[in-house]
Each structure stands twice: as structure tokens, then as C-alpha cells.
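Some structures to go through are shown next.
Look at the two complexes coming up: chain A is in both, with chain B in one and chain C in the other.
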Partner chain A sequence: MPANPILRLKSVQKVFGRFTALHDIDLDIEEGEFFTIVGPSGSGKSTIIRLLVGMDELTSGEIWLRDKRIDQIPANLRPTCMVFQSLALFPHMSVGQNIEFPLKLRKIDPAKRKARAIELLELLHLPESYYDKRVTECSGGERQRIALARALAFDPEILFFDEPLSALDYRLRKSLEKELKDLHARTGKTFVYITHSLEEAMVMSDRIAIMKSGRFEQISDADEIYSRPVSRFVAEFMGEVNLFDVTAVDGQIKGTGLIALPSNATRTIADQITAARGATLMIRPEYVQFLDEGQAADFEISGRLNGIYALGSRIHYEIKTEGGQILTVEKLREDRHDGSEGDTVRLGWNADCAHVIEEAPFEGRIA
Partner chain B sequence: MKRLDRKLGALASLPILFVLTLSFIAPLVLVAIFSIMPEKVFSIFNMPNFAAFKTMAEQGYYKSLLWSLFMAFVATTILFAICWPLAYGMAKVFKRFSIIITIAVVMSLFVSENIRLFGWVLTLMKGGLIEGYVRHWTGVGFESPLYNVGIIIFGIVYVYLPFMLFPLAQGISMVPEDARQAARDLGATRWQVLTQIDLPLAAPGIMVGYLLTFVLAAGAMAEAKILGGRAVIAIADDIQTAFTYGQNWSLGAALSMILIALIGTLAIVGIAKIDLDKIMGRD
Partner chain C sequence: METSRTTRIALTIYGILIIAFLYLPLVSVAFASVSKARYLTFPIRRYSTGWFRDALASTEVHMLALTSLKIAVIVTMLSMIIGFFGALAFARYQWRYRSLFQKLVLLPIFFPQTVLGLALLMWFNSLGIIPSWKTAIVAHLVWIAPIATLIVAIRAYSFDPALEEAARDMGASTPVILREITLPLLMPGIVSAGLFAFLLSWGNFPLSLFTTGADSTLPEWLYAKMVSGYSPLVPTLGILSVIGSFLLVLAALAGLAIYRALRPSQ
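== the complex of A and B ==
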């Protein structure tokens, strides 16, 4: 937890009728951070951002911006600003007028306004000639930049983003993600971003918060979330993952079809599993090896090669274990496994690649 | 193929062109010709002159014209002020309840304007519904508010409310909600959102509402006759009198031409500024 957060949420709760959208949220966001809130639709991430910018009132709790409580302040008086999912550009104004809108409200004189608008156009790699262009004539990517320029013209303490890239095509989205990260570095502002795509979050963010049904599931950096998720939900949120329901008795790890060679490394894992009531063993597809005859690994499991899919630079294998579980393995094209569908294969991985999620898979059903 | 389409299109438009020419253009042309006929003739085959326009200027008909335009202007402005909040509610706040307002307002159109105005007379006159009961219960009577300019404007506002309300509601529904929220987020007060976002983006609807009500109100006469008791004469009343009692068709035609020219100019200037496609939702 940062010592002097720029934004602090204290047990923030939001209730719509009988539905609780946010349960007692606590959150600190650090000065200058790129913080992303990720969650599926209905997880409450949009509700949070609407509370933060002042478009909705919270049911209980407090929001502090540095040493000022802001949750009772109306949206137009908060020193924060948001880039909308729809961008919400003003269709009756030119690009320049859009960018200058917040400056005009502050009665800054026209010459200074224009100078700032041109500066921002340049910062966002838009030609100066766009100043007089109608926003309705601009492309999706250009509109994105205009919305950003308008928000930056406001000079907010914190810049909020409500899934602004979700409507764009894949390539444009990828390049804007990098640009946004770059912009964050250049402006030094605090960015708070919400998205449903963990991949997008990982590209840009310093820290990521994963949300599920109105609560934070995990708040951490991208590495931690990818390799050490706290729950199955977080583990499964970021793409393909292999999860095993496991128990451990006397240092022996038990899971359907899973063989753990006795060693110090597996013993440590067994102790972790014993400590939890029931646990899940996680292994990411790229850490799983195809074992040759006589080759050994800390963990092993056999199965039948069910499918091979080429994903450009990587090859994706699907293996059905004897227990009926479907496992995925991913290899770079250069490390491809020479085998064909229907082959019986032996898979293995080392203990340091495995991660124990201390959460029972389902209540009452422990393998 | 293209040429055939165009030919068929032209052919298909013939019937409506015929009807339009006969029912709209022809009477207008006739009125235009009559306006430059000598007074008190009933044929268009006379030596044209501007006697009717001269009479119009000399006999003070401009007064009724000015009264009509003035009352129409005041009424449309009042209508805008009344209808904006209601239309806003219908477009953004009331949701399903707005259908009830729509039905209520449209229902009033089912009853003839004259009957509704006579209803107001019975309600407001001395010894009528309001004053009669008040005097009965309290013993104190008061003068009826009928027969002056104020009540005529009230009548116009009452009768033409739907023609302002629905275009405004349509116009307001064209204002994207997130543009309003974004403006607010960028520091705009409620008043600034109204003046810089709502009004400009709802402008097409506002323009249609203003034009419709102004044109209708400028040509209205029932309100002045029934509620106003001819406290002032509306221009349309003058035109009717000239054509009927006055038996002076060219005077009536000349008055009509002036009214048409004024309102026509206004309408063209207004319509040139709005995007009808946008109102119809064809963006």
C-alpha cells in the first residue's frame, strides 16, 4: 500500500435497489500510477468509475483525492476527467473546439486556448490542420486521440478511461495501447483505466485490480497476476491455464492421474496444499513439456493428444488425460512437438513453474 | 437500367405532382394574381394594378399584421419556455410515463379547436365555471380575464402546444446522454450544459417547433375572435372578412401575399439551417 495515495477509497459501497454492485471497496492509487481495473461485464468496474468521476452517488463510504474528500462534490467541480467508452465528442463542434471546451469554460483567452489545443494535437500525433476539421469527419483512431487531447486540456489530477479502445479493431487497439502507455510516461499523470481485457491491462498497467461481483479479487502487478493468481477466477481470466484439483497427505500430492516425484520441491508444494483445506495446482500451458522416453519431471501426467492448432508464432496442443480432463500445452513454433493426433503422450513440468491456489475448486467436491 | 429507373421514377411521381400543382400551387398563383387586380373585381382578366396594396397601407391593415406577428412571437416564446422542461422530461426522464403525456396531449387534438376555445370561454367568463362558483361560495366576484390580448396569447399557447412539444422532445432525444455527461465532467455547470450542449444539439427540433408554431400562430384567428372578442383583429380575420363581407378579393389576396411572403421567408431561412435527415433519424 502506497504511503501517500493520490486517490483513496474507504469502504465504498454502491447499492442499486436490492442489488449490491460494490461491496465495501478499499483501494489506494498511487501518484503517477497507471492503474487498471479489470473484470467481466457486471463485475462493478463501470460502477466504480462512475462513482469516481461523480456521475453516480455512492451508497456509503468515502472517496479522497489527496487530503480532500471528493465524494460529495459534483462532477463538474472535481479535478478529474474521463475518456468515455463512446468518447462522447461534441458532434456540433470542430476538433479544435472540442479540445478547447474545458479551457473555454475556464474563460481562458482564445489565443492561449488555441495554442494549447495545437500543442495537444502535436502531442497526440495529429496534424495541426485538424484544428478546424469536423469531428464527424475523423476516423476511429483520430477520434480517440481527440478525446484524449480534450481530457488532457482539462489538465486533470487523475485521468479515467472507461474502455475507450473496445470499439476499435485489433491492430489499431494494439498500437493505441502502446501509445497510451507512452503518453502516460510523457505526461506523468495518474491514469485509472477500466477494461474487460486482462491482456490490454497487462500491456499498459503498473498495477492491475481484478474485479468479480463487486469485490476486488486481486490487486497486483501484471507478473504476479499472471504467475501467482490468488483464485481460480483470476487464473482463468488470463487465457488458457491448466488447473488440477489436489490434496496432500503426508507430503504426497494426490490428484487424478497426477504423479509427483518425491523431492524437496514437491514437498514444499505438498506442505502448501496441506495448509489449505483444499487447493488447486496451476500450471500455465507454456511451462508444460512433452516428456521423452526415460525423461523425468517433478510432475507428470499422461494423456492422448487430442488436437493441434497453429497460432502463428505458437502451436497449441490439446491433451485429454485418462481422468477425462482437457489440458493445454503451448510451444513456440521452433520448439514444436513432433507428434500427431491420437498419440499417447507423457507431459511434465517442474515444481518451480507450478503455483498453488489455496482455494477449494467447488465447495464439497475435493478430488 | 439506371436510365429506366429514372424514367419510371419520373413517371411514378406524376400523380402526386398533378395533385400538388392543382391543390397547392394553383390556389397560390390565383391569390397572387388577384392581389394585383383592381379592387372589387371577381375575375383575373383585368388590367393589373396595386390598388389593393395601397388600400392595405392606407387603411391601417398593417396593424392587424403586426398584432398577429407580435402575438405569434410572444406565444412561441412562452411555448418554448413551457415545453422545454416537459419535452426534456419526455425524452430523458419519464421513460414509459411519457407515452401517457403523449396520449393526453394528442387527445386534446381530437376535439375541434373552436369547441375547446368555447369551453375556455364558459370556464373563464363572468358567471362562468370559475367566477360563478367563487362568487357562489365566497360572495366575492371578479372581472373575467377574457377579451384582451393576454387571453388571446394564452389561447394560442394552449391550442398550439403539441406543435412545439413533440418537435422539441424529438430534438432533445437527439442529444447523446454521454455528451452531456462529458461536458459536465469537463467542468460545465448545468447552465453551461444547457447552452453549449443541449440547445445546439437539439437545434433542429427547436427550429421545427418554432417554425411550426409561429406559422400556425401568425395565421390563427379563432383565439382572437372567441377568447379575445376581437380586442385586437388578427390578420387572418382581416383576410377572411375581405374575401367574405368585404367582397374585396384583391384586398384579401394582397393581405395574404404579404403574410405568405413574410412567413415564407422565415420558413426558408429556418429550414435552410436545419438538417431534416437528422431529425428523421437518417444520419
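== the complex of A and C ==
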């Protein structure tokens, strides 16, 4: 937890009629951080951002911007700004007029306004000639940049983003993600970003908060969330994952079809499982190996090769275990497995690649 | 899909017939206005433009046109204002009685105009107001303002609410949002509403008949003349009125085009 956060939420709650969208949210965001809130639709992430910019009122709790409480201040008097999902560019104005809009509201003189707009066009790699162009004549990626330029012209303390890339095609989105990260580094501003794509969050963010049903499930950096999720929900949110229901008795790990070779490493895992009341063993697809005759690993399981899917640089293998569970194995093209569908295969992985998710019996296991 | 030759010919004939059906009466009125004969007969034997000269010179016609114009201009301006705010209440803002409002707004349009005119006359009488061209403005508004509201509302429905939110987020107060965002975006709708308001008021007969009192508008006078004392002045004024309306529509369209062309460089 940062010592002097730029933004602090204290037990923020939002209730719509009989539906509680946010339950007692606490959150600190650090100065200059790229913070992303990720969650499926209906998780409450849009509600949070609307509260933060002042478009909705919170039911209870407090929002602090540095040492100023802002939750009672109307949106137009808050020193924050948001890039909308629809971008909300004004269709009756030129590109230049759009960018200058926040400056015009502050009664800055036209020459200075224009100079700043041109500066921002350059910062966002748009040609100066766009100043007089109609917004409606610009492409999706260009409009994205114009919306960003307008938000930067406002010069906010914190810049909020409400899924601004969701409407773009895959390639453009990927390149804009990197550009946004680069822009964050160059401006040094605090960015708070909302998305439903954890992949997008991982590319850009310093820290990620995973939301589920109006609560934060985990707040951490990308690496931690990927390799050490706190719940099955988080583990499954980021792409393919293999999960095993496991128990441990006297240092022996038990799971359907799963064989754990006795070693110090598996012993440590067994102890973790014993300590938890219910546990799941997680292994990401890229850490699973196809074992040759005589080869051994800390964990082993056998099954039938069900399907092979080429994904370009990587290949996915789908294996059905004897217990009926479907597992995924991912290999880079250059170390692909020479086998065909229907083969019986032996899979294995080392204990240091496995992660134990400790989950209380009644939480997160409904799905 | 490729249309066959016979289909195309059939469609062309059908189109011509529709246009003829719609415009032939107007054309015959135009012919009647240039007839030298005192009565409406067909075919016209001798032509004259004398009635146009008479119409343009007559002080009575000037008075009538002025009354109609006064009413129409004021109704147009008020309709644009009421239509703008009415449309915001109709289409943009969530408020408690919105769906009731949406239904009530439509009610005067469903009312037969003669009944509405009579009802309003009785209402003015009971309030002790002497009917004149001023009361006709109120009567026209009762019928035209809802239509203007609906026209602006169509525009307001296609409006991304995030635009106003974005403006507010960037520091704009409610009056500034209205002036900088809402009004310019609804402007095409407001202009069309104004056009409709003018034309509906200019040509209105049933409401004017009951509510103008001692004053008289062009349509009222035309009707009176047709009932008793017909002269080719009637079709002449009819045609002049059509030409005037047509020019007004052209002017409004040109104005809108100029507004659009000038906007980005303002």
C-alpha cells in the first residue's frame, strides 16, 4: 500500500434499488501509476469509474484526491477527466475545436489554445493538418488519439479510461495498447483504466485489480496475477489454465488420476494443501511437458490426445485424462509434440511451476 | 435484383400517375389564377395576369397577409423554443412523469382541429379574453408545438448521452453544455421544426376560423370568398401563398447548408 496515494477510496458502496453494485470498496492508487480494473460485465467496474469522475453519486463511503475529499464535488468541478467508451467526440466540431474544448471553457486565449492543440496532435502522432479536419472524417484509431489529446488538454490530475479500445479491431487495439503505455511513461500522469480484457490490462498496467460481483478479488501486478492467482475465478479469467481439485493426507497429494512423486518440492505443496480447507492445484498450459518413455516429473497424469490446434506461433493440445478432465498443453511451434490425435500420452510438470489456490469451501466455487 | 423492362415501365407509369394525382389540383388552381373569366371554368379560353397585379396592389390582401405572417412568425419562434425544451424532456432526460408527458404531448394532435378550435374559443370566452390574432397564436401553438416537439425529439433520440457527460467532465456547467453541445447538435431538428411550424400555421384554417375573432387570416378570407363572392383572386392568392412557402423552404435549406459549410472554420 502506497504511503501517499493520489486517490483513495474508503469503504465505497453503491446500491441501485435492491441491487448492491459495489460492496465496501477500499482502494489506494499511487501517484503516476497505471492502474487497471478488470472484470466481466456486471462486475461493477463501470460503476466505480462513474463514481470516480462524478457522474453517479455513491451510496456511502468517501473518495479522496490527495488530501481533498471529492465525492461531494460535481463532475464539472473535479480535476479529473475521462476517455469514454464511445469517445464522445463532439461531431459538430473540428478536430482542433474538440481538443481545445476544455481550454475554451477555461477562457484561454485562442492563439494559446491552438498552439497547445497542435502540440498535442504531435504528441499523439497526428499530422498538424488534422486541426481543421472534421471528426466524422477520421478513422477509429485517429478518433482514439483525438479523444486522448482532448483529455490531455484538460491536464487532469488523474486520467480515467472506460474501455476506450473495445470497439477497435484486434491489430489496431494491440498497437494502441503499446502506444498508451508509452504515452503514460512520457506524460507521467496517473492513469486509471477499465477493461474486460485481462490481456489488455497485462500489457499496460503497473497494477491490476480483478473485480467480481462488486468486490475486488485480487489487486496485484500482472506477473503475480498470472502465476499466483488467489482464486479459481482469477486463474480462469486469464486464458487457459489447468485446475485440479486436490487433497493431501500425510504429505501425499491426492487428485483424480494425478501422481505426485515424493520429493521435498511436492512435500511443500502437500503442506500448503493440508493447511487450506479446500484447495486447487493450478498449472498453466505452457509449463506442462509431454513425457517420453522413462522420463519423470514431480507431477504426472496420463490421457488421450484429443485435439491439436495451431495458433500461429504456438500450438494447443487438448488432452482428456482417464478421469474425464480436459487439459490444455501449450507448446511453441519449434518444440511441438510429434503425435497425432488418439495417442495415449503422459504429461508431467515440476512442482515449482505449480501453484496452490486456497479457497474456502463456500466461496467462488458455485460456478 | 435486376428489374425487368415491363416492371420498370409499369413503375414509371405508376409514378407519373401518383404525381399527377397529387399535383394536378395545384396546377389547375394555377391555371384558374391566370384566367380572365370571372368564374372557374375549364378549359380556360383567355389568359390574364391582371389578378396577380390586383392581388399585389390590394391593401386588403396586404392586411390579410400581414395578420397571417404575424401569427406564423410568432408561432414558429415559440414552437422552436418549446420544441427544443420539450424534446429534451421527451427524449433525453429521465424524470418521473416522462412516459405520461410523452403521451399527453401527442393528445392535441389526435384532436380534430375544428373541435379543438371551438373548445379553445369557449375557453377564451370563459376567461373573458376577446379573440383576436393574438388568441390565434395560442390556438396554433396548442396544435403545432407538440408537432415541433416530436420533430426535435427524433433528433434528440439519436444523440449520444456521453457527449453531454464528456462536456461536464471537462468542466462545462449545465448552461454551457446546452449552448455548446446540445443546441448545436439539435439545430437541424429545430430548423425543420420551425419550418413545419411556419407552414402549418400559415396554412391553418380550422383553428384560425374559431380563434381570430374580428381579425382574419389569408385561409379564412379565401374560404369566405369561395363560399360567397368568388373571383380569380382566390386561386391567385392560393398560388402566391404556395410560391411564398416554397421560397421559405428553399431559404431555410440554403441557410442550413451555409451554416454547415461555415461551421468548421468558425
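Here is the rule we use: the second predicted complex is superposed on the first by the 359 of 367 C-alpha atoms of A that agree within 3 Å, B and C clash if a C-alpha of one lies under 4 Å from a C-alpha of the other, contacts with A are read in each partner's own complex, and residues count from 1 in each chain.
Definition applied: a contact is a pair of C-beta atoms (placed from the backbone, for glycine too) under 8 Å apart; a residue touches a chain by one contact, two chains touch by 3 or more.
Everything quoted here is computed from the prediction, not taken from an experiment.
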item	value
When chain B and chain C are modelled together on chain A, clash or fit	clash
Touched partner set for A:A310, first chain B, second chain C, both or neither	neither
Partner chain(s) touched by A:D132 [first = chain B, second = chain C, both, neither]	second
Chain B versus chain C as contact partner of A:F101, first or second or both or neither	both
Which of chain B and chain C A:F90 touches, first, second, both or neither	both
First (chain B), second (chain C), both or neither touched by A:M55	both
First, second, both or neither for A:C81, with chain B first and chain C second	both
Chain B versus chain C as contact partner of A:A275, first or second or both or neither	neither
Residues on chain A lying within both footprints (that of chain B and that of chain C)	53-55, 74-77, 80-82, 84, 86, 88, 90-92, 101-102, 105-106, 150, 154
Of chain B, residues touching chain A in the complex	176, 178-179, 181-189, 192, 196-197, 200-201
Interfacial residue positions of chain A with respect to chain B in the complex	53-55, 74-77, 80-82, 84, 86, 88-92, 101-102, 105-106, 150-151, 154
Interface residues, chain C side, partner chain A - complex	160, 162-163, 165-173, 176, 180-181, 184-185, 263-265
Parts of chain A lying in touch with chain C, wherever the complex brings them together	53-55, 74-78, 80-82, 84-86, 88, 90-94, 97, 101-102, 105-106, 132, 134, 150, 154
